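Sharing a structure here in structure tokens format.
Naming follows writing order (A, B, C, D and E), and every chain is counted from residue 1.
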Amino acid sequence: MKKIIISLYAVATIVLMVWGFYQAIYVAPEEQTMHEVQRIFYYHVPSAMVAFLFFAVSLIGSIGFLGFRRSRAVWAQISDAWALAGAEVGVVFCTIVLITGPLWGRRAWGIWWTWDARLTTTLVLWLIYVSYLLLRRFAAGPQVQTLAAVLGIFGALDVPIVYMSNRWWRTQHPAPVFGGGPDSGIKDPAMLAAFGWNVLAWLAWGVLILVLRYYVERQQQKIAEHEAQEALNA
Amino acid sequence: MTANVCEADSTVFCARLNEVSKLFGSFAALRQVTVDLEPGRCYVLLGENGAGKSTLLRVLAGLLRPSFGTVKVFGDNAPQDARARIGYMSHAPMLYDELTAQENLRYFASLYPGRPCLAPAEALKQVGLDPALTRTLGQYSQGMRQRTSLARVLLPVPELLLLDEPFSNMDVESARQMVELLAGFRQSNRTIVITTHQREMAAPIADWVLTLHAGRVASFEPGSPIR
Amino acid sequence: MTANVCEADSTVFCARLNEVSKLFGSFAALRQVTVDLEPGRCYVLLGENGAGKSTLLRVLAGLLRPSFGTVKVFGDNAPQDARARIGYMSHAPMLYDELTAQENLRYFASLYPGRPCLAPAEALKQVGLDPALTRTLGQYSQGMRQRTSLARVLLPVPELLLLDEPFSNMDVESARQMVELLAGFRQSNRTIVITTHQREMAAPIADWVLTLHAGRVASFEPGSPIR
Amino acid sequence: MLHALWTHLVKDLRIEWRSREAVNSMLFFALLVVVLFSLAFDPRGAFSREIAGGVLCVATMFASVSALNQAWAREIRHQVLDAQRMAPTPGAELFLAKVLANFLFVSVVQLLLAPVFLVFYNLHVEGQAWQLALVLPLGTWALVANGTFFAALSIRSRNRELLLPLILFPIFMPALLAMVLATTSILTGDSDPTLWIKLLLGYDIIFTTVCLLLFDVVLNAE
Amino acid sequence: MLHALWTHLVKDLRIEWRSREAVNSMLFFALLVVVLFSLAFDPRGAFSREIAGGVLCVATMFASVSALNQAWAREIRHQVLDAQRMAPTPGAELFLAKVLANFLFVSVVQLLLAPVFLVFYNLHVEGQAWQLALVLPLGTWALVANGTFFAALSIRSRNRELLLPLILFPIFMPALLAMVLATTSILTGDSDPTLWIKLLLGYDIIFTTVCLLLFDVVLNAE
């Protein structure tokens, strides 16, 4: 049953991705200043949004782990699995942002990279979560989960900075499209529709990976638990 | 001090372990240990290397949390909530090499605010050290360090005393003195748990002897003189 | 192989310690130890913790240079010049955790160029391990590691075998097998020096028993069955 | 409440005073870094003033990391940390005392290094020099508070000397950026550093609070 | 003679391949250093090309030191070093194999980092790029050979992570200077780097020879 649902969901995701691609490349109108390259917008921004969301998942998982670790072991383990999955998949999406950004920048600005606030903070965010994953590999033993949860909380402190960076500072990176000034927002409905579909598609795709990663981690936790029980009864 | 003793008196158990297991990864260091410790008794923990003695003490001290089962001390408290009333001495001295014995003790005493502590000099005298020594701890011999460590534990006059191989580096005469000191402690209704490999050393004060084997309680019997 | 044995045969002493003392700082771990080891004999080293057993073995292996006195092996060589002919197994496994047993042995075998070595698989079989195991050494149990370590020592077919507590993590049955294996070795005119705390284990092959006490030779007597 | 904090602090200072190990090695290390950077970035160039702020901050950072790695070494050596955990005083005070002690050490190093630095880079301050007395302590605090915290976090891992910078640097980057920009704008006198100083202050407050709140978790993690 | 060298090398590479720990952490560390330096020395400025060479060399240096500190860790862990000392093969080969292995690791990191670096600093090479393929390996060799040697020397001390950079940096300085100047002159195309390359070569030959000659002494020191 579970398998069927996941398979159906996966198929739906693929359909959405194809539809989003069609919308972004063929339906959405060409932008006046940047022309064709602007279409990378439909991948760049949704990825960033999904990455933020998943880092939030990681934060909630981390807090949950710290809250439950003394009282409810199972909930704590579930929280920890979410924290790990959120961080890992978040890093993947953040990487997509960091690849699509320079690709776009090369055409729009003539250079791959510049050290403005938005770009720098995004890079720092990525680095923090990579170090989170490294910590999970390097530190051994039962305290890993606690230490990682602590670092997860620190990492999340950077997310609002990234989000606000092009609101606080004048950046070379474009000003916010949504929730920026009074004249922000996408005016062209076809563009907005293409953007909406792509956000939905990338979200669906991200959630699929997230859930799979969570599932694998839970499975591993159960195996470890089983081994522990065996050791106890041996 | 008297108040504390009465407090310890009023509960039937000083510490209560219920089905305690401790796993390190997939290695079980303790398996379903159930023990009640009564106040005013001295318990001697025996067992071969790796049997889980130190682990049991650390669980009692609240430094390790059991993987399964519960630990309660002084009624219904978790050990973490009664840290001021538990004294724990481990294999390692738990003292700063760079300070003198007095400085070390004064430092640790001031970490127990609001608790009537012994004077550092007095604690040192109790364990048979000269309080006037000005050498830093790094220059002490192993046995002297161990005594200072014992003095550190005695400072806040704990009601539950956990000693991990306290005699391992002492000569026989000093060990005998230590045992006498501990015997006095037991009479003021404090509980003592000692691990040791030299069973005959602790025999004079052993009310109960608990033997561990591969993390399990192998036997729990009244203390007896040397066979 | 036969050539080597003859070589060992031709000297009267396999190793000769003359008034050897070893100081660590101002601490004397060995004091004026004078011992001759004959080829084809097995020597058992006894002594409490810190008596200097491991230090003596390390001096024989050439890993430590005596502070005073001389060490000669196989005639008039310094141990450093006869490293290929001495096998030394310490408390620690001296193997890489990240490699499998076979890989470890193959690696160490190729560090003895020009010396006829055992095949790694054969050495593993000799110590009772399955050569087909593909786990890395980090996943072995303590006892299995110790056997692999023994196999490492046996590889280059050394004429002087120095074993530091080889049985400490083995169960009784495997230890017995090990002793039998070593007994075979001794018959091919190789010298064995073993330290141990379990004297009865090594008793069946002990030609001589050397007891150390605080760095001094306390007694040196012919091996005897368990008292 | 602050009684235990004081006790811890006095103890740390006394131990450091006996050996002066941390300050000495940090000083030497920082000196090396300054010299290395002078070799790597020729300070005779026209832009020496532009990069001097960066060099100063980065030298402080590397020197501090080498010392912070040892911050808890004494507590680990003879399991003193277990005795600390058994004491009925809050871990936050232990943490704060460590931070204060390390802050003092790093500040001493900075003070001793400043003249050397001025000489090597032929500097004279164009902006308002008193602002430096605000920027450097704020930046150092950010570094030391986070560093002490993550040193306590990484002592439990296998290769801890490796881990500390890997975790600390990304977290510290925003503060470093603010610190460098503020220092540079004070040195060159080109722009107003107030924004960056405010940012540093905000960073310090937020991160120190989070560290204080979470330290007990790290201290008692098994 | 070179048989044992090959054996040691294969062993080191195989172990690293199993965990990839050294390369991974070095890579991340080097990335961090590059980012930190970019924050500290704004590469948008007019002089970015002038300092890029220095940044590259110093980043390599710090990253390597963090890895070199672990170079002998595996040998220490279970006293494998004693087994090495007992084997009748020259210590020089053991040393050379370690140097080669570490050289490979650092080079891999450099290769992976190079594009990132070019992007971050918006660089394009003005001089002859192929000379970089000479300068970087030579400089890296100088760093790794000395680093491996002094890591072996400092493993016996109490706080070895601190000791290694304190010994290594002063010794490495001449090579660093040559490396930086050569790189910068290749990047800017202003002057001819041949002199510096020759100097590096000479440094490499002399120091490697001395290390090889003295390694047995260090290895067998009690």
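As a convention for this text, a contact is a pair of C-beta atoms (placed from the backbone, for glycine too) under 8 Å apart; a residue touches a chain by one contact, two chains touch by 3 or more.
Bear in mind that the values here come from a model prediction, so they are computed numbers and not experimental data.
Chains touching both chain C and chain D: E. Taking chain E out in thought, with all other chains where they are, the connected groups by touch are A, B, D | C.
Common neighbours of chain A and chain E under the contact rule above are D. Distance from the centre of chain D peaks at C, each centre being the average of the chain's Cα atoms.
In this structure, the chain pairs A-B and C-E differ in their number of contacting C-beta pairs, and the larger number is found at C-E. Here the CA centre of chain A is 58 Å from the CA centre of chain C. Note on chain placement: the centre of chain B and the centre of chain D lie 39 Å apart, centres being C-alpha means. Mean C-alpha positions place chain D and chain E at a centre distance of 27 Å.
Taken residue by residue, chain E touches two or more other chains at 21, 25, 28, 32, 35, 39, 42, whereas all remaining positions touch fewer.
For chain A, residues touching at least two other chains, in rising order: 120, 124, 127, 130-131, 134, 138, 141-142.
Across the assembly, chain C contributes no residue that touches 2 or more other chains. Pairs of chains meeting the touch criterion are A-B, A-D, A-E, B-D, C-E, D-E. Those residues of chain E that touch chain A in the shared complex are 21, 24-25, 28, 31-32, 35, 38-39, 42-44, 119-120, 122. On chain A, the positions that touch chain D within their shared complex are 66, 120-121, 124, 127-128, 130-131, 134-135, 138-143, 146-147, 149-151, 153-155, 157-158, 161.
Interface of chain C with chain E (complex): residues 61-65, 80, 83-84, 86-88, 90, 92-99, 103, 107-108, 110-113, 115, 136, 152. Those residues of chain E whose C-beta lies close enough to touch chain C in the complex are 3-4, 7, 11, 14-15, 18-19, 74, 77-80, 82-89, 220, 222. Listing the residues of chain A that touch chain E in their complex gives 102, 111-115, 120, 123-124, 127, 130-131, 134, 138.
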